[in-house]
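Note that the chains are named A, B, C and D in the order they appear, and that numbering of residues resets to 1 at the start of each chain.
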């Protein structure tokens, strides 16, 4: 049996750019450019990066919420990219997605009961009482009571909505879930509550998870493995602890260094990373990071470094920092 | 040191039906000259409306229902910003008090070029300035905020520039006339971390060279730690704690501040569970006559559900709105 | 990407809460009552009307309003009040039938265009653009000019003219709803297309459609009145407010009531629908409530 | 987009004209019909040929400016359309002036003084403007002027060239009627669009620079608000054209609308066909101009 539950191989997702008088395709945004990674059962794997780095598109492509342009997504020995629409739909029982914004991702016209029973109805044929049992047990897990079943999303706070949204994703007892920035729409004091809930449910339900976030602190807390993405490609990938302790890719180092410290005394004189993320429709040649990198050489400008295993981690860099 | 701006007992309310519901309740704050005062709090805590009320820009239908301010204007002397006649207010806006906003992408008028919009900042206050002078001034400001191609940028429209560049331009516009006070309302919230760091560095740098006071409004304690000398923590429409920045981060007194710091720092710890403040922030209109944090507070006692604690000094320059005191709450 | 934005809750009222909200809004209530009044007038016309609408009475030509003839009589001695009551029937009938034609066809077109996109969408919208490119009353006039004047043809003409607005509204709202996170969520949960279309997209895209239907009723009634005024709508002796007003012009100095009452009723009815439409839009889309 | 839409319109009109019940020839000849006369007319009208040929014959004539001849008078339709168009256009322009003079200042004022007394008045007026049909307003206005002032609008048309003052007297009432119904929706749109823009961040930012209100409102808010208003104005041209049909009839102005009605009543189909095609074409062209106008107002939109 395969050691890995999920094996993403050379995933590419391009979006057409239309323009001109006849709205012809004049180019492509390379949202995801050759991404590969693997995920074991019960593991939490984080994709971290700034806006436009393709982390979200990667997550959606894995679940075929967006159809990838090329590559394979092997889940439990089966290539998801080769399945028909109906097969994908059935597969969703085991593979779910948690959205960023709970204010927008719940149908405003459905009450909690409808929201939670709907996925069950789509994938199982259950009697009314079985339905009720499963909804109520899920409700208990997210800390809701039965009398909240008839309420509508707008009657809940942001944190509560995100609980409902998590419950809706997990009620079919999936084996794998992609969580796309599940706490970034929430207030600071609520974020911790939701993260705790996620970790708790992940352990209870033996979930494997791809966790997408721009928040490096959150990623450190929740994941054991991490991939740092930049402009559609993975720059550095490995155990979260090691990468956070000793980032070796210049971008990872800059990214980690940019997180404001919580100690005003440690407000060190560090150099902020200059420049901005290039336009993904017109990426630079060679290494995507070279225009902002102070270690860039001629080689970096000309040829894109491939992600290769270097010691305890995978790196896409010709001139990595010392371990 | 004298205060540039003193806010006393500011109260802002919104009409709901026939009643006025308070959104900000008796806030008093001082902004010292040349320093950065940070206001930190979660959404709906009243931090943003505090700032907008100072320039008489409260969104409809909010209104100031109580309170006064004293701003040390070099044109008009000591003035109350809240009641200043609109003509004098216009002299102060952009000249003595400047403001930058959360969303750089929407803070510039989409149908005018950067040059037209930067020129305005000068024209409104110095109508006689020549085109050449204005151009020179704008170019030098753009260089100051590290815009790579200033001439080209001047002739661009906002949609042609990135969020980071636009926020730099907003800062350039704000600092154009060397204001005495810069109000920054979540200036980096809409930006990526690497860009956020660039902007914060830039603001720190400019503050030193310009000697302007800054009112930094944010939900991010990290931003406060990076920029501020003095911090006020807002919760549910009033100040719950106020202290110099070192004091606040190293010796937080209010259970809410403690909780926030604890939950953020537990993110970087090795524990399996995060420290989380339970419950939700009470929204405006549901503030009963007791401590607004009591329902979420692990130390809450009977007393906390009966009375509203006053903001009292617990150490030099350190104010806290809590019945418990230092010794008792040490956790 | 923003750390944290202030998300505004869009509370969409459902069913009876919508009616309640409308009733609480003074404007909504006024519009509602106005329409109810006209509707009752139309429904109970045979009871309310005091005379036969077509009955010519040469002794009572151009009689001023009085206890006998509440709104006076016209040049044939017909009772204006009774004709107005029956006119309400005609107005509402033409309005409702033609809007039903337009809304039904427009809805299907819009749904198909919004849901399937691609060729289906471009073909449908091309067709709609062509109809839309005609100034609406012009197209309606052209259609009755060709088909001949009758009540059915009037309904057909007004119906056809109004198809594109519905198709456009429905397409736009279906596309907007389709792009929302909760539809992406519905897909990610693994719902069937039919469930997504009918349980999620349809109910959430009905709001602009409902507003459009209310406003279309007012414009349909206006178009009918205009066509009848021009003599190309409802034909005499059938009572139509538009044609009554048209006939009245000859006698307006002798019998101003012939002008005033039909005009007031036309205005009142259209106003009621517009007010209700406004209130409905405010209730359904708080973002637009300004 | 222009060419396919115009082609579509012409086909639509052509097809609708085929729906005429009975046949045209008997309509023209009436009781005088004989087989010879019928054959002659059928040949003359070209209706003995297949439909596609008929369409191409018609459309190739139209492209050359030949809209056919009136059944009744035998006069060429196109020159008549052009002459009458100048009258209708004058009326339409006057109506627009009336509408905009009323609508823009009041719409802006009402947005600025939201929920004040003035705002309420303006909103009620706007609602009335939208709800009162042009013909009803016109009739009531004439009645009012006649009863109160004993004034009757002139019946005989005088062109602008002959006597500008007299011409203005003829045109002013219909322009007020048409303009006020347009003003209603423009006012509503101006108000809501202004309110929308006024809460944007950049307005706050402009004020924070110390801008005088006049500049904030006129240079920044109104120019941005005018983007949706321009769309509305483009669409209103259609309503205006419909409006001219009715209003010209009421005030006896020999414009395009009246020509169309005459054509319809006399079942003079070349007139109907030609007028409708002409008006629809003008409408489409105006909307194209509106699209081009956008690029001047809004630099974000480009037509490459």
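Criterion: a residue touches a chain if its C-beta (ideal position, glycine included) is under 8 Å from a C-beta of that chain, and two chains touch if they have at least 3 such contacts.
Quantities reported herein were computed from a predicted structural model and do not represent experimental measurements.
In terms of C-beta pairs in contact, the better-connected of the chain pairs C-D and A-C is C-D.
Among the remaining chains, the Cα-based centre furthest from that of subunit A is the centre of D.
One finds 55 Å separating the Cα centroids of subunit A and subunit D. The distance from the centre of subunit C to the centre of subunit D, with each centre set as the mean of the Cα atoms, comes to 22 Å. Inter-chain centre distance (subunit A to subunit C, centres taken as mean C-alpha positions): 48 Å. The centroid of the Cα atoms in subunit B and the matching centroid in subunit C are 50 Å apart. Of all residues in subunit D, those that touch two or more other chains are 114. For subunit B, residues that reach two or more other chains under the stated contact definition are 43, 192, 219-220. For subunit A, the set of residues touching two or more other chains reads 50-51, 187, 214. The part of subunit B that touches subunit D in the complex is made up of residues 52, 55, 57, 59-60, 86, 90-95, 98-99, 101-103, 106-112, 120-121, 124-125, 157, 159, 170, 173-174.
On the side of subunit C, the complex with subunit A involves touching residues 1-5, 7-12, 14, 180-182, 184-192, 195, 199-200, 203-204. Within the complex formed with subunit B, the subunit D residues making contact are 114, 199-202, 204-213, 215, 220, 223-224, 297-300.
Touching subunit C in their complex are the following residues of subunit A: 50-51, 63, 65, 89-93, 96-97, 99-101, 103-109, 118-119, 122-123, 152, 154, 158, 165, 168-169, 172, 181, 184-187, 214-215. Against subunit B, the residues of subunit A that register as touching in their complex are 50-51, 157, 159-160, 187-193, 195-196, 199-200, 214, 216-218, 220-221, 254-255, 257-265, 267, 272-274, 276-277.
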